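Heads up, there are several structures right after this.
After this come two complexes, each holding subunit A, first together with subunit B and then together with subunit C.
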Partner chain A sequence: MSESHDTNGTPRYYVPHSSVWPIVGSIALFITAFGAATFIQQSTDKVLTATGTYGGIIFYIGLAAIAFMMIGWFGAVIKESLQGMVSGLLDQSYRQAMMWFILSEVMFFAAFFGALFYARLISVPWLAGAGHKLETHLFLWPDFAETWPLFMTPGGTATEAMAAWGLPFINTVILVTSSVTVTFAHWALKKNQRGALQAWLALTVALGIIFLILQGVEYVHAYNDLGLNLSAGIYGSTFFMLTGFHGAHVTLGATMLAVMLIRILRGHFTPENHFAFEAASWYWHFVDVVWLFLFTFVYWF
Partner chain B sequence: MIAHADTIPPARHPLIAWILRWILTTNHKEIGTLYLCFSFLMFIAGGAMAMVFRLELAQPGLQYLGADFYNQMVTLHGLIMVFGAVMPAFVGLANWMIPLMIGAPDMALPRLNNFSFWILPFAFFMLLSSLFMQGGAPNFGWTLYAPLSTTYGPPSTDYLIFGVHLMGISSILGAINIIVTIFNLRAPGMTLMKMPLFVWTWLITAFLLIMVMPVLAGAVTMMLTDRHFGTSFFSAAGGGDPVMFQHVFWFFGHPEVYIMILPGFGIASQIIPTFARKKLFGYNSMVYATASIAFLSFIVWGHHMFTTGMPLVAELFFMYMTMLIAVPTGVKVFNWVATMWRGAMTFETPMLFAVGFVVMFTIGGFSGLMLAIVPADFQYHDTFFVVAHLHYVLYPGAIFAMMGAIYYWLPKWCGNMYNERLGKIHFWTAVFGLNLTFFPMHFAGLGGMPRRIVDYALPFADLNLVSSIGAGILGLTQFLFLYIVVDAVRGGSGKATGQVWDSAEGLEWTLPSPAPLHTFHKPPQVD
Partner chain C sequence: MLDVLIIAVMIGIMVSLGGGLYFLVRDRGATQRTVQSLSVRVALAIALLALLAYGFVTRFILPAA
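After this line comes the complex of A and B, so read on.
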């Protein structure tokens, strides 16, 4: 590994060795993407070449390869950090990169929120004859009436709405609380109170897991009792895509925090140097804020 | 002090060591070269597809292709040129030049840099493999409009969707790297308002990439779930709307257009002052104009869909906002002209390409203004006039800018001068070929010839024959360009000095030619 100090002792730039992990990651992503497309085709109605189940196997191999790459790549970075090779400048680069990455995630959710608002403000009213779209209404679906949640689609699929003040509200409280506990953990880390740090962080991870379990309960309720599923028109589409991608991000965030907990138990991080912990907690705040928008616009209003 | 390592233990076979070096490299210059070579390969692939459909269009009637294969060629041509040729070429230039221009030893996150490049060959392997799949390649145009891509898309569409996801990951990671490099690794004394304009334009481009590539990912994900999981995003029967796809797509698509041109603006702003032997006129206004264009790019997407059903108020809003873009763009064009005004100009090949860029990009800009007028657009929409417009901003816009950039910086990269005579021949044949190809399309389009249709009415026969001949000439010039570059790398017309161009300014010219593998171990001081 390389040195981080020049001859007069000022650490400035760090240019790493050539690395095997990026190419491993590229191949892993390719296997995953190719496997996912094949898997989806083989498990739904549009079969491409041969029926079979090998698409799923390729997909899971790809996911395992991605996990292998992440463990290897992050492991290398952690080793460098523990050896003190992360200078202030590199630390700053990591921080900025994480912030821009979170911005890109925000924009991913923005696409789905855009779809939600388009459906609520434009397409559903238009289908019911609002604005200059009266003919569409009269000739295609004259019986269609505008409601939100969309209990009956123009095509005639019925569903019930998910109530906001049951499980979703409890989940809101859980997630907001977890955002507070992760901040307490951060304060404890800055004061070097390792015991408090471990306790608050473990509590955060536990709250995240409880949130995910309750989301699972809610999905079962939606499918079994409400007739609310992906095929239940635009309300079901936006409901499941937004909450589903949010749930995936919570899973990712909780995994990140769990890894941080393991690292903390092994004695990593100092009050001054703990970028990875901060990155994971920023990510956690991000999924929390996304949830607040979800609760407001998907469940509540 | 910079810390770097000899890449591979020397015990390996030299060929394997050579291959591994390129696969594992974390060096910004090597990764820049990889990007540029890859994008040229894709440029030839996308160009070959254009040759195929121009051959078909040379005569009315159906000669060589069926309608479906024609549509596949048009679709892949668009996707490959946008995501495989233009974007990676600009990222390659950014990789090579941004660290040299801001006095940094490398990109801020070198391993991530390698990652963002090596995702691309796999993504395009997946996209191109769709040609050999049952049902053929995607055939609904690069804009992927629903329901053509959902209800009616061929099975290979799913591979396209995941290919787009890979390209998006690559672009986002690349953009994050560039933005962090620019914010974090500038040499002491290089304040933001002292940065070369190529760096400025790329900073803004990278911001646009981070903002819109995830939106495209969202759009194709909705496509995927509509295709396979029964969602109704783009289906009116479920309360969705096919037009919504167009809104989401063009919210990505319009900033994407500027992603493909802003670095070109930066390149023109580097080349013109060098060969006019004057400082760039209006540096500050150039920066502000670029930022204004980027801002406006987020609120003009509706001008791609004037005829697909929008309230009048929205059409007026998008029309006025689109026309507003002419103001900052005009600032730029006037600044380039004012830089040339009374300069001691010489016309080496990079300058020819830069001047050609200013003149012909402006033609494309004017046809854009025509398209921005709602009532006029009702006539022009989906005709060859649009094809002419977008190729005028992309070929003599983006492609000319990057070819000018390659002629301009190639001596710095390889240490040799290219053949100036051949460079000038390349420029003039390209100008001749591209105008022969794309100028008649204006008239075909105004006459009512629709785009994306394999056959056309007889009155358009002559115009299309001329376009096809021009396309053949333009295709051949690419091989002349390849020869000039290879010749320069292998010796060209002699060694280049470190300064290369006598009045070029900037940190990259303080380095020897060719630039050593690792540069700016110690950051230079900028006053």
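After this line comes the complex of A and C, so read on.
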């Protein structure tokens, strides 16, 4: 046996002969960036009224092309996996790629949590005259008092805060429950109990969708009743930036778990060979942990 | 005291989640260490919620809003 082969004789690296997906992906990315840039250029000074510009339409065509590329490319990878072409180093590469992807996600959220902490602990106290910034306070905003949540900005924009002990707490319980059910599904897969695996995973996806619907209800409440929106000062911007990007990640995680459910219903995965499931499940745990930190630092304290 | 406990549980959550990723990369599906780590992670998440709820009910730690 040569070193380039696994014990079962398959090559350690499976290299496909040719694939159309990288060039499809490149074109899709170009269309998306071109559409987004055109949309911004066409909607400067009239952001809310810029309906019907062709830039926006091109942007959505680009997004659809990216989705088409992902479905095609991931489908090809699944097919290769089912034909036993994934082995040795390629499997290790997938797992390391997952690790780098997660590292980028951690950095992404670290930047936004960093913005929140900077505003709360440094810039808002400065505007109220903390530290050596007394003159900023005296000359620019003498009437400004420091509070968090920031009910009244130095410029005079008022908002109400989102209460933690209501819908947000219910949503937290829903998301933690969905992590419990995905863990049960994980154990069921490890013990090869297919029925339990399907039931727990389906329940997880359903809980994820309920979370997103309730988050939408919360946003409507924030906009209509609390005056809490993206232009309501640093509290509103950090609130929507953190919870909004988290919601986008819940959407992505629920989509991945739904794909896993479809694959499981088709009989994919074994107790030893289930990287895609384990990665999607881990990602769901990650999204839940981000929410726990959000709930503690955005809503609670 | 309660806030120290809450922070300790949050650190525990990050460590067990990180452990799950480490075993996901390292063990390549051959062991149960990933799912074991993630089970610890979920148990700690429930503990965190219980602590926050306890702090709210006893008024030791009240939400800012």
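Here is the rule we go by: the second predicted complex is superposed on the first by the 278 of 301 C-alpha atoms of A that agree within 3 Å, B and C clash if a C-alpha of one lies under 4 Å from a C-alpha of the other, contacts with A are read in each partner's own complex, and residues count from 1 in each chain.
Note that in this section contacts are C-beta pairs under 8 Å (C-beta built on N, C-alpha and C of every residue); 3 or more make two chains touch, one makes a residue touch a chain.
All values derive from a computational prediction rather than experimental measurement.
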The chain contacting more residues of subunit A, comparing subunit B with subunit C, is B
Which of the two partners, first being subunit B and second being subunit C, lies in contact with A:G253: first, second, both, or neither? neither
_If we overlay the two complexes on their shared chain A, which of subunit B and subunit C does A:D288 touch? Say first, second, both or neither._
second
Taking the superposition as given, does A:G62 touch the first partner, subunit B, the second, subunit C, both, or neither? neither
For this session: Please indicate which partner A:Q96 is in contact with in the superposed arrangement: first for subunit B, second for subunit C, both, or neither.
Result: both
- Which partner does A:Y299 contact after superposing on A: first (subunit B), second (subunit C), both, neither? second
Next item on the list: Kindly classify A:G208 by the partners it touches after superposition: subunit B alone (first), subunit C alone (second), both, or neither?
Entry: neither
Intersected contact list for subunit A, partners subunit B and subunit C 92, 96
In the complex, the residues of subunit B that touch subunit A are 1-5, 7-8, 21, 23-27, 104-106, 108-112, 114-115, 118-119, 122-123, 125-126, 133-135, 155-156, 158-159, 161-163, 165-166, 169, 172, 175-177, 179-181, 183-185, 210-215, 217-219, 221-222, 224-225, 227-233, 236-241, 243-244, 247-248, 251, 309, 311, 518, 521-523
Seen from subunit A, its contact residues with subunit C in the complex are 91-92, 95-96, 98-99, 102, 148-149, 161-165, 169, 172-173, 176, 179-180, 183, 186-187, 190, 272-275, 278-279, 281-282, 285-286, 288-289, 292-293, 296, 299-301
Counting only contacts in the complex, subunit C reaches subunit A at residues 6, 10, 13-14, 17, 20-21, 24-25, 28-30, 32, 34-35, 38-39, 41-42, 45-46, 48-49, 52-53, 56, 61, 63-65
Per the touch rule above, subunit A residues touching subunit B in the complex are 2-7, 12-23, 25-27, 29-30, 33-34, 36-37, 40-41, 44-49, 73, 85, 89-90, 92-94, 96-97, 100-101, 103-105, 107-108, 110-112, 114-115, 118-119, 122-124, 126-127, 131-133, 136, 140, 150, 153-155, 157, 229-231, 233-238, 240-241
